[in-house]
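Please find the structures below.
Look for chain A in each of the two complexes below; its partner is chain B in the first and chain C in the second.
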Partner chain A sequence: MKKAALIAGLAAATVFGAKGFASDLFDRIEAGRYQAVLADCSACHTRPGGKPFAGGLPLQTPFGALVPPNITPDPETGIGSWSYADFRNALKTGIGKGGKRLYPAMPYPAYATMKDTDIADLWAYFQKVEPVTNHVVSNQLPFPFSIRASMIGWNWLNFSPKEFQPDPAKSAAWNRGAYLVNGAGHCGTCHTPKSLTGADKSGEFLRGGSLQSWYAPNLTGDPHKGLGSWSTDDIVSYLKTGANRFDIASGPMAEAITQSTSKWDDADLQAVAAYLKDIKSDGTPAPQPLAATDPAMAAGKAIYLDRCSACHNSTGAGQASLFATLAKAPVINSTDPTSLIRVVLQGSQAVATTARPTTPAMPSFGWNLGDADVANVLTYVRNSWGNAAPPVTPGQVKDLRAALKR
Partner chain B sequence: MARKLPRKDVVIVGLGWTGSILAHELTDAGLDVVAIERGPWRDTATDFNVAYAPDELRYAVRKDLFLQPAQEAMTMRNDVSQTALPMRDYGSFLPGTGVGGAGTHWNGHTWRFFPSDFALKTHLTERYGAQRIADLQLQDWGVSYDEMESAFDRFEYLCGISGKAGNLNGAIQQGGNPFEGPRKRDYPLPPMQMTYAPTLFAEAARSKGLHPFPTPSANLSGAYVNPLGIAMGQCTACGFCERFGCANYSKSSAHTTVLPVLMRKSNFEARTECEVLKINLAADGKTATGVTYIDVNGETFEQPADLVLLNAYGLFNVRLMLLSGIGKPYDPASGEGVVGRNYCYQTNASTQVFFEGKHMNPFIAAGALGQSLDDYNGDAFDHGPLDFVGGAGINCIPTNGRPIQYRPVPPGTPRWGSAWKKATKQYYNNTLIFSSQGSSYATRGNYLDLDPTYKDRFGRPLLRVTFDFPDNDIRMSNWVSDRMKEIADALGGKQAVVGKQRKGWNSVPYQSTHNTGGAIMGTDPKTSAVNRHLQAWDVPNVFVIGASAFPQNAGKNPTGPVGALAYWAADAIRNHYLKNPGKLVEA
Partner chain C sequence: MPPTSSFSRRRFLSSTGLLFLIASVPGARAAEHSGTLPWKPFAALPPEPLPGGRWYVLTPDEARTVEAIVDRLIPADELSIGGKDAGCASFIDRQLAGSYGSSDRLYMQGPFVAGLPTQGYQGAETPVARYRDGLAALNKHAQAQFSGKNFFDLAAAEQDQALKDFEAGKVDYKPAAGFFNLVLQNTMEGFFADPIYGGNKDMAGWKFIGFPGARYDYRDYITAHNKPFPLPPLSIAGRPEWKTGDKAGGN
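Right after this comes the complex of A and B.
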């Protein structure tokens, strides 16, 4: 008996000994905790109300469901048996322990640009979180996507691991911002349009992407549908508090703000803003707005005045801290109206941050506005007060309504 | 058998205005607080949805947000010679229920009482002699206006009250209420943009030498961020305040000023749809051990706590004290006892002036958007040659032009048919209404107790209300009606109808949800249920907060003083009680 226990103990020592690289220093662990905040690991790997990092809710990808695994140091069901090299490899190359190919829903194409020191800090932190026994079956994709080896081809087509290279011609803040946006912050995972294989479309960085029936808007310096009209402070305020003088976050961005960006250092948010302001737009000029005499515009205006203007104002000005400004708002002018349709159908509530605890909400109008009503009112909003964007069709509303029911 | 739950530092009964403020203050002090609310959870986004909030049939006619008699009824009578009968429907007043309480569906008039109101008995005795008030049971509050000033100020800044100071540190301000007590600083927001009818009213009043001013309003004149960091918006004057929750984040209530911050605190918990059955006392009867409550599934729990705060609507604070055996019940025959004593109400009368060719546009309205005057309120005028004490504010506050219930027509108009339709069309836009809101002074015979016959769904006796308008108050109100007639005459118009209050309080038609007293504050445990800090004299770890503490009611809406009393009690608990739990005042 005694001998058996001793052997088991030795085996365990071998497994846990693999963690030798991890530091117990407070500074390292704290730095790693901050890296986990920057990378928003908990957004996917923590179930709402669940133990931190013990595995998350299924992610619905265009290819099927993936469940974010348990990344606590539990040796059986988490990453307790991983070495630092396994961990680094996963982030840098998308290849986990034992050569297991990760799917890029785990944004390793972004994390691959992270510096080794930051990855080592992150590793130090993850060694110290509470180990939780929770067995997760990550891969719930249908055949053929369920074959992890298919990622070899995907990586060959879409992924060239490369650490971030600073641009000496730019400021330190710009470079820090570029590092965060491209790396840990993985902004492009949502905000860059995707190809058929789900990879970033080359040359369209941060020009707006679709996911989970939301549209993540254009973050380039485009003055019409991007962030060109937002000041650095506007961007910082949005990321820090969930709102700025124009806009109030909704959907997945609202979650990213509560769990991640609201906890970033101010200097890092300033750096992100400096970098985003400098990203070139696609150069296309703003379209001409629809004529006020267009039947959809006339119908939409009547609905707007009746249902929307009490909060958003008859001039689309909204109300600071409570109701989003619609006039000249980049998200209103997005080419893709998915998020706008969704918010009208389902409503949206602002997130609570320490700076902005109010959590004002827009109610759902899906139950008492028809597809044509929603389309018309959005067409009106998208072509009034300086806005100009393609009209919304009843078909788009109908399709999204159906998608949201699934 | 009640299931006993883990102990809390504080249990709060009722999560309305005062419950939310006390919970916020005491969680800030580091205490672990649970609030038990018998109504449902409600918040702006979910429950006051702008797409259906202005539903007059649902909220104003069918009274969707109010307490239903099936949950708790009351019995009522005018005097002890009658047998009280239970209400089948609430009428004269409409108690709230649910998170936010009656502060959800109020209009938003936010007053400070006059300095003389707080020392009423002393003040009137000194000015007119004891004989003048011999028929009344007036009492001082035990706290002065000056002591309450900062509490008023904090409540007004919590709410973002829109108004114009009339007295800044003793200096009378043009355009404000010249009769108000001195305030240290102006209101947080300027007055609301005035509508037409109150503008006409103010012009007429000024022509008579009176001093109208914009009513202090909890409907906000502009965007505001309160000291807790919670944002509110400018009122859109939709005219759906009283009986409605505000969909626009522009009427102050617990939802729009406290709860977003309170609900984020880890040391606070709200349990809704849980009704407190009684406060539990230790064997000595001098210490509360917590409360017993029943949840929506009918399961009974005991919640032990070091401190029990009664923050229900005033009438229910009184009933819970009576049901729990806290304080000696009041007996009108002997005039002894304290719980149920000095129940007061409000003495109102209304005036309609019918015009031709006007455009009053009554649909542009808000609950507190109007003009008021205090020339005939409280003791702002000399009662020497008169045969009453007290007074009334006169208010022109057109709260709504709602399609179902706002149909003013001159007397003599048929109640239905084509003549009625013609008249409603003619007068909808041509009627100016103003009213007097008068003081209600305590008498020996007006009181609250437990009904000997009728019981609630849990088998507990109902509250019995014994009330009629005292002769003094009728004389006061009728005298003020004559003053209203003078203003109506100055307004011109085709016809003026001036109402006069009469004896024989009728519990059926709606009058006012300003029920006060029953657990009044004071300096003598023989004549008050709670001391000047709202601490129960007999059970010092119970505080009773609300309009139940008013020794008598002034000619003003009570929410301002209720909010101020919440801060006043919170200060007493934070600054004195917690440091040395026990009686804050030795009798």
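Right after this comes the complex of A and C.
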């Protein structure tokens, strides 16, 4: 009798133990799935319409093309033969299995700040991803960039791996925001200007960067070309729904919002906003706007009234949640007009999120406006209604038009 | 209650069954989209105007005749330039060079039955053929009436007389009135169509009647009652104010 009770007790304990372990693993996989959303792994590692994480579209870097590899647990063509240590090393040191050096197009300088617990969760998740056989040749860089060992020098120059250290003087939300922006969110990969070697310029964190013929605007508190005029709610709404009372996301940010930030927890978005609002601007004063009598301004105004005002309004006010506000908009006042030229030439489709599935689109004006027309209308937009930014030249439009048509 | 009509349940089922069969034929040309609406960069269906400086369909003599006609239909006066200077003849020539001239986009098989005047032209000829034929007949009429002179060499009053004869059908050419109305219609189109199609030079027709052109936003002015609309007319290709006049900045 006693023995039977003992056996029954043991059996129950085993069952409960196994159950406890299973739910723990489930939680870890779910937590890892969320880490993959935060880090937006699929942005690079999944082709549009392709199998999740089975390898992505080539990234055009200033040094040549890199193809994001297959990171499904396929043993031959994915990371199925990797150990947790290999995985952790890749994220935290930029060195993959067998000492293979990663290129920093994989934002390991950002992921290096992630906590080990988060990386372990991510690993738990990636082991449960469907394995896909897809051989990817990642390194398509020209010589000498094709030599992976050159990254030893790059890392020595540009990379000092350091896990995130909270600032006890700041709030918990601020610290969570700083952890997400600097780590998994890797916002600086696009929004921080790059040096000649393609590394983040030190001391210019989130002051705006160019990549793949887009310009990722300044995210500091700069009131003119940064987020100074946006409230925390504006930032949260933008990241959650793709739109706020001023702006609608397009281009690569639209993808980042659809696939990543729209799925973040609201508390995390609030934390990001709290942190971003606290990043000081570089302090450069806003430039003086061009005089309305400037010939480019006069021509630009005529084009604006004829081609733009029907949606964006003659005062640049736009229409909330449909047409972007142009007056006092950070991206309009950015020193680099690449995104603006691009959107006028090829048109733009707004982001689709669960909250805002409509995707209002701007038509292409590339067929109707010549290089000087695009330059003049943007010069007018960038120097009206409180905006002030350097004029756009026909040469800038010509070059981008050629690059986009290629 | 027994069914009183001949439309029985059985017939209803078999006829709706047939409908279903038709509706589910594979290859029905309907597109289905889910998720985000499709969108492509640089998507546009711009008009493709023919470059000027040449005649596409009309022979040089035919072109001179059309220029003479359009200048009588819309003579230059203190209100506007005439049909010739406005480019109505080159508008007509370029329209004849396209699908309009060859009736490519119309059903052009028989039977050909005389319709009501409100139904427009119902014959088998294309506009190109009607112009060729009609211009030759007009010239023949001019030569017969005015001692062997071509239509384009006549004085204005003589040209008016020849055109009036055609309009009234008082000539030995059965389609005369129809031809006159065709040219009149096309001349008005050339005078008021967007300048990118060859006529309405410098938007003269629009300035004449005060039409603001290819605009689509009047929100700033809709409450400004009894005030003239301040912006000049606008072509699909733009307007002169778009250019700075500076060679380096222009294009």
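A few remarks follow.
Simple rule for what comes next: the second predicted complex is superposed on the first by the 382 of 406 C-alpha atoms of A that agree within 3 Å, B and C clash if a C-alpha of one lies under 4 Å from a C-alpha of the other, contacts with A are read in each partner's own complex, and residues count from 1 in each chain.
Simple rule for what comes next: contacts are C-beta pairs under 8 Å (C-beta built on N, C-alpha and C of every residue); 3 or more make two chains touch, one makes a residue touch a chain.
The model shown is predicted, which means the values in this text are computed figures rather than measured ones.
Of the two partners, chain B and chain C, it is C that touches more residues of chain A.
By the document's definition of touching, of the two partners only chain C reaches A:P295; chain B does not. By the touch criterion defined above, A:S146 reaches neither chain B nor chain C.
In the overlay built on the shared chain, the residue A:S231 is in contact with neither chain B nor chain C.
In the superposition on chain A, contact of A:P363 is made with both chain B and chain C. By the touch criterion defined above, A:S195 reaches neither chain B nor chain C.
In the superposed model, A:Q319 makes contact with chain B only, not with chain C. By the touch criterion defined above, A:D373 lies against chain C but remains apart from chain B after alignment on the C-alpha atoms of chain A.
In the superposition on chain A, A:A355 makes contact with chain B only, while chain C stays out of contact range. Contacts of A:A310 after superposition: both chain B and chain C are touched. Shared interface residues of chain A, touching chain B in one complex and chain C in the other, are 310, 347, 349, 352, 357, 359, 361, 363-364, 367-368. In the complex of the two chains, the chain C residues touching chain A come out as 35-37, 39, 41-44, 46, 215-217, 219-220, 231, 234, 236-239, 241-246, 249-251.
Here chain A touches chain B in the complex through residues 307, 310-311, 319-323, 347, 349, 352, 354-361, 363-365, 367-368, going by the rule given at the top. Interface of chain A with chain C (complex): residues 295-296, 298-299, 302-303, 305-306, 309-310, 313-314, 345-347, 349, 352, 357, 359, 361, 363-364, 366-368, 370-373, 375-376, 394, 404-405. The touching residues of chain B, counted against chain A in their complex, run 44-46, 49-51, 223, 225, 228-234, 236, 238, 247-249, 260-261, 264.
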